[in-house]
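Shared between the two complexes below is chain A, which pairs with chain B and chain C, respectively.
Moving on to the complex of A and B:
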């Protein structure tokens, strides 16, 4: 009995005070998931943030717990694909890519093709797919960029695609055309430096 | 046969450009109509000096007519190269069953194969059906198909008509791409006229818009072209300017992205380093704007109305690089993903805006 009380006190002591916004039952379950993730070497902050997001949106406790569990599982999958050395931002970006539809093997290929950090490459991959670029196309493009493109090149590429899409271009075509214009041909020399005006579309 | 001409083309994602093309083609037909083999090459040179090479070949074998049924086995291969940058290739085999009588008919078809862009071959599968009606000086075709190329799927509804008047052959096509996942959608159409100038010479003029062909890798575009055809004159379609490069699938516009029904558009400005990130939210008519995200620990924060615009609301936050999630709420309403972020489903039955802070 005393031991149980001590354990509970210890848990409360180490649990994140932000989780006080959760009701006690939900908080207990979320803390359990967070602790398990932490013990497995996974980052806890994304899990806490997901729980807080649920609270702000008025989600029921079971739904919050399910969301946190799902995220913990996805973080584990991302780490399996990206390796044990992956950082928390890389894992978060990896989860975004996985949820967008990229397979774990794409993450692994990216890890093998590019020096860390992979956060931006993974984020761009996720963003392209979420923007409507077919996942195999987005994967092929990002993997082609990966060995030599700078993060700034990837970000500019993604912005250019987004701009084209907002102007009415089909996402897949926009990504492919921009890749050929700025990346696949020469992964860095055609890229627009950060802060510079975007390059206008070119003639074929 | 040889087609040579000039075109004014505007491919999706490119500026308009003039181009010159030359396209030789050959065709052999079995004397008793049991099959054919054809091949075509196209050399296209753009104003920029870039060039596109395209080659395709196709053949079909027809089994003898059994009552009103006839079978067809065929296949085709093709490859293209744009400026030695992008290469595309495909190989398809297909089978058709035709039901026909003297002036009308229909068919069912299925195709399988591979389509490759660079090192990434993808499986291709197509099912299609169509009908046709022939008159003395006119013919009408209509078809519907469903294509699967890798993770892309789409359907095309097509109709075409051919009319001959005063020795001139007019062709028109009208189509629509629908039920598309990653292959775009919308209406397209082309029109052309073939004007005989002699026994083996004709003038061809054509214009229109066509969709991306995911299997062969041609990019959607619009064009106007004029040229000459030398050689045997037939009913083959006038040359369409070839794509500037191979392309992986065409995809639909209006996917989750910058558009939003939220009535609020977010602009994010960074100065780099440890400087706070400046958020400006444009929400015409709003009385109050709140923002919430992983950078606020999902605590709602009310933005301040801009000193320069009643429709703009501002706030600044210290945010780490990477992917972030955000929602906005106007006038105490529902949490929404603002335009200017990538809209995604959250885990709670709603939506969340995702943005990337470089």
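Moving on to the complex of A and C:
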């Protein structure tokens, strides 16, 4: 019975018609990586998408395989930091944060500070760093906002920082000033009964 | 009170000690009924309940895999929200949106133009997606209104969009 299930699961990757866009040699190597990742409990879909991105962009086979292997490794690192209960979107966002320069310990701190899902918080952290905000500053800001800020607040914060940067503000200063001045509403603020004055915005 | 209980017990004991008469033909009638039954239940039940189990389980797993189609991404599942992608490209003759949400297939999300503004709408489930615009079938462009994917490993620009749990 178990053998039957394992065989069926293996066939899923082999029979995935999307991978037929790869040349046979590359496809064989990619399927091997995907199968190994799946056996390790990692999500396979990001790996398949990375391979499809490569073939659509006309990349050579070895480059596609290297990209898929690197992503599998990073997904494993992200899961080690975020825990075995992390979802596929969280792991993908975790990989983005890691590649932006955040250390695994930052991901672990974020997991402890914020209730899941962590996808948006991790993505905002990655986006802030790729926008030029120093990784230490971005990590500190996101960790400070993590316990109470809503996903939409984090997105708005990132957009505000990126607007300031596009207008010429230094990235680090833009993030720090916005962190001090932006009134990120906490989840408890949304529960203020009608007619009562809103509580002051939460500050990190 | 105790005397009354003793009397009741004595009556029960007397009743139980009376001889019981059984019809001598009872055994023959029972055996005749069993022989006349067309379905031998005693032997068929264990065979039916045990042997098909592996096949039923395998069929269930196969059916679940086929129905769930794990090779398709969650964007096609329920809980997704529609997001519009826009690129201003007045000189372009064609623009395609490709990304993690459509298997990087230029034919999956065609963009329509109105005076050089190309747009299309795609349903996205919560997650983080990489994408790019393919202009005239040869030129790759990132989305100027979205964060760049700085970890592009294929030498072309890409963007990222993150959809939160509430569709934000």
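Annotations for the structure displayed:
In this text, the second predicted complex is superposed on the first by the 167 of 204 C-alpha atoms of A that agree within 3 Å, B and C clash if a C-alpha of one lies under 4 Å from a C-alpha of the other, contacts with A are read in each partner's own complex, and residues count from 1 in each chain.
One rule holds for everything that comes next: a residue touches a chain if its C-beta (ideal position, glycine included) is under 8 Å from a C-beta of that chain, and two chains touch if they have at least 3 such contacts.
Worth saying up front: this structure is predicted, and the values here are computed from it rather than measured.
Superposition of the two structures on chain A shows chain C clashing with chain B. In the superposition on chain A, A:152 makes contact with both chain B and chain C. Applying the stated contact rule after C-alpha superposition, one finds that A:114 touches neither chain B nor chain C. In the superposition on chain A, A:165 makes contact with chain B only, while chain C stays out of contact range. Residue contacts after overlaying the shared chain place A:69 against neither chain B nor chain C.
Number of chain A residues touched is higher for B, counting chain B against chain C. In the superposed model, A:89 makes contact with both chain B and chain C.
Shared contact residues of chain A with chain B and chain C: 18, 49, 52-57, 59, 63, 66-67, 70, 89, 92-93, 96, 99, 119-120, 123-124, 127, 130-131, 151-152, 155, 158, 162.
On the chain A side of its complex with chain C, the touching residues are 1, 4-5, 8-9, 12-13, 16, 18, 44-46, 48-49, 52-59, 63, 66-67, 70, 88-89, 92-93, 96, 99-100, 117, 119-120, 123-124, 127, 130-131, 150-152, 155, 158, 162.
Chain C contributes residues 54, 57-58, 61-62, 65, 70-71, 73, 98, 100, 103-106, 126-128, 130, 140, 147-148, 150-151, 153-156, 158, 160, 162, 164-166, 168 to its touches with chain A in the complex.
Chain B meets chain A in the complex at residues 9, 11-17, 19, 46-48, 50, 52, 82, 85-86, 117-118, 120, 122, 150-152, 181-184, 212, 219-220, 244-245, 247-259, 292, 294, 297-300, 320-323, 325, 327, 335, 342-344, 346-350, 352, 354, 356, 358.
Touching chain B in their complex are the following residues of chain A: 18, 49-50, 52-57, 59, 63-64, 66-67, 70-71, 89, 92-93, 96, 99, 101, 119-120, 123-124, 126-127, 130-137, 140-141, 144, 151-152, 155, 158, 162, 164-166, 168-178, 180, 184-185, 194, 200-204.
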